[in-house]
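What follows is a pair of complexes built around chain A, which joins chain B in one and chain C in the other.
Moving on to the complex of A and B:
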């Protein structure tokens, strides 16, 4: 290897995995082939990257370029996605870069826990479910319910209106919390493991994320998670809640130590 | 099901992807160290950028 290149590592698979699994995806630099670097019982999914782009200094610069980052994040995921559903894959976080294949092998030999985590994920797929509340729709629904016929005017009407608004805000918070808990609980029933990530901030359209969950589902039982999503849509749809199911993903949310216990 | 604009759905999908690839997965320290603080900053920047794209589209619709 020339000193103009480094080795980018996407994830880890079993040592016996067929390298042609990745024959159709390009490396994160847009041209280098994806190769498996094997040591002991595991193999690192790798490709060569130019140091002009991935050495510490240019990398620091490139990370501030959202267009560059978006392309690289897609490329990282595309490589791992080639293995999803075909063989068990342990995804690494973006940016594990080594100066030689020998260093990648040393990392594999020094990390016996990677093989254990791989085995734990065998036959399991990650899905994401987001629950999103149309806050405006729920607010107007609650406001309609609270309207009384008394033709109050002036200060008294103003006070009543303020009271009602406070009541509605309180009701909405309580609904959002209860809906998030019930949704995560129902979805977890269809999964081997589950994690509720912090909800992302509400977006410009006034939609509020209630649930940002990841679910580890046994291959062949994806239907059960889909059924759970449909059941929740029927239950909470009229209150302005919709669900977005994504996946199967490489098991990013279940790859780390925190999932080990 | 959902009445989101395609642009909004793309934003959601990208944020979900970025969140997984940058914040989840096994964190190994390679030979070339990448500052985690730097990535977090970029991540926030990307979200702000996406939010502002969404705001622009919203303004154009209104």
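Moving on to the complex of A and C:
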């Protein structure tokens, strides 16, 4: 390796993993091959990256470039995705960069917990389920329940209208919270492990995310999660809730320490 | 055109992080790659503060990949927090070192807000 390059680490697999698993996927720099660096029964998924792009100073600049970040984050995920469903993989967060392969091996030797986490995640796949509420649809449906008062005029009508709006807002909050809980609970029943992440904010169309969940499912039982989603669609669809299922993902949400307890 | 009804079985085959099928949605990939996964410090220091702030901005502003594209995904440009991320990091580090030297638990500090 020349001093113009560094080693980017995507994740960790078992030491015996076949390197050709990553033969079809390019490195994060767009050209370097993906290689396994092995030590002590685990292997780091790596590729060479130019220091002109990934040294501390250019990296800090690049992180603020939306196009660059989008490409690199997709490339990071694409490399890890090549292993999904074929062997167990531990995803690293973006940005583990080493100056030599020897330093990567030192990291592996100093991290015996990685082998334990690989065993724990063997045969398990991560899926994402988002529950999205069409807030406008639910609001108009709830508002239709109080139209009798519309005959009133003037100040009294105004007060009643305000009161009704507050009531509807309250009802919607309560519904969103209850629906999120019920959905996460039902989906968790189909999973070995589950986590509810903070919802992404509502968009201009008034679609409000009420659930942003990740579910760790045993390979071969994916359909049970699909069944849970279908059941929730039937139960909450009339209230304006829809569900979006994604995956299988590398187990980003279940690879870390906090998931170990 | 309205969105066709989604069948979960179909999505299981086509979606997200899998090796085939449709590319994963930007918002989902950003959230996972920047905010999840194992954190291991390499030889080159990545300013994680910037990355964390990016993720926070993402949560505040991006509701979907389509929306992000519509917006040009330039939401951090001119952002005062991101602009001075490096300085914040240095200050944080210095504060942490001082607190450790003084034997103060740094974590209790954040609970003091009113």
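We take it that the second predicted complex is superposed on the first by the 259 of 261 C-alpha atoms of A that agree within 3 Å, B and C clash if a C-alpha of one lies under 4 Å from a C-alpha of the other, contacts with A are read in each partner's own complex, and residues count from 1 in each chain.
What we mean here is this: contacts are C-beta pairs under 8 Å (C-beta built on N, C-alpha and C of every residue); 3 or more make two chains touch, one makes a residue touch a chain.
Computed from a prediction, not measured in an experiment: that's the story for all the values here.
Under the clash rule set out above, the superposition-derived model of chain A with chain B and chain C contains a clash between the two partners. Within the superposed three-chain arrangement, the count of touched residues of chain A is higher for C, of the candidates chain B and chain C. After overlaying the two complexes on the shared chain, residue contacts for A:70 are found with chain B and with chain C alike.
Contacts of A:226 after superposition: chain C is touched, whereas chain B is not reached. When the two structures are aligned on the shared chain, A:249 is found in touch with chain B and with chain C. Legend: residue contacts after superposition of the two complexes on their common chain; A:30 is shown touching neither chain B nor chain C.
Applying the stated contact rule after C-alpha superposition, one finds that A:81 touches chain C and leaves chain B untouched.
On chain A, the patch touched by chain B and the patch touched by chain C overlap at residues 6, 9, 11-12, 54-56, 59-60, 63-64, 66, 69-70, 73-74, 76-77, 90-99, 103, 107, 111, 114, 117, 128, 197, 200-201, 203-204, 207, 242-244, 246, 249-250, 252-253, 255-256. Looking at the complex, you find that chain A touches chain B at residues 6, 9, 11-12, 54-56, 59-60, 63-64, 66, 69-70, 73-74, 76-77, 90-99, 103, 107, 111, 114, 117, 128, 130, 132, 197, 200-201, 203-205, 207, 233, 242-244, 246, 249-250, 252-253, 255-256.
The part of chain C that touches chain A in the complex is made up of residues 6, 8-9, 11-12, 15-19, 23-48, 50-51, 54, 58-64, 67, 72-77, 82, 86.
Across the complex, chain B meets chain A through its residues 1-2, 4, 8, 11-35, 38-39, 41-42, 45-47, 49, 51, 54-55, 58.
Partner chain C is touched in their complex by these residues of chain A: 6, 9, 11-12, 54-56, 59-60, 63-64, 66-67, 69-70, 73-74, 76-77, 80-82, 84-85, 90-99, 103, 107, 111, 114, 117, 126-128, 197-198, 200-204, 207, 209, 222-223, 225-227, 229-230, 242-250, 252-253, 255-256.
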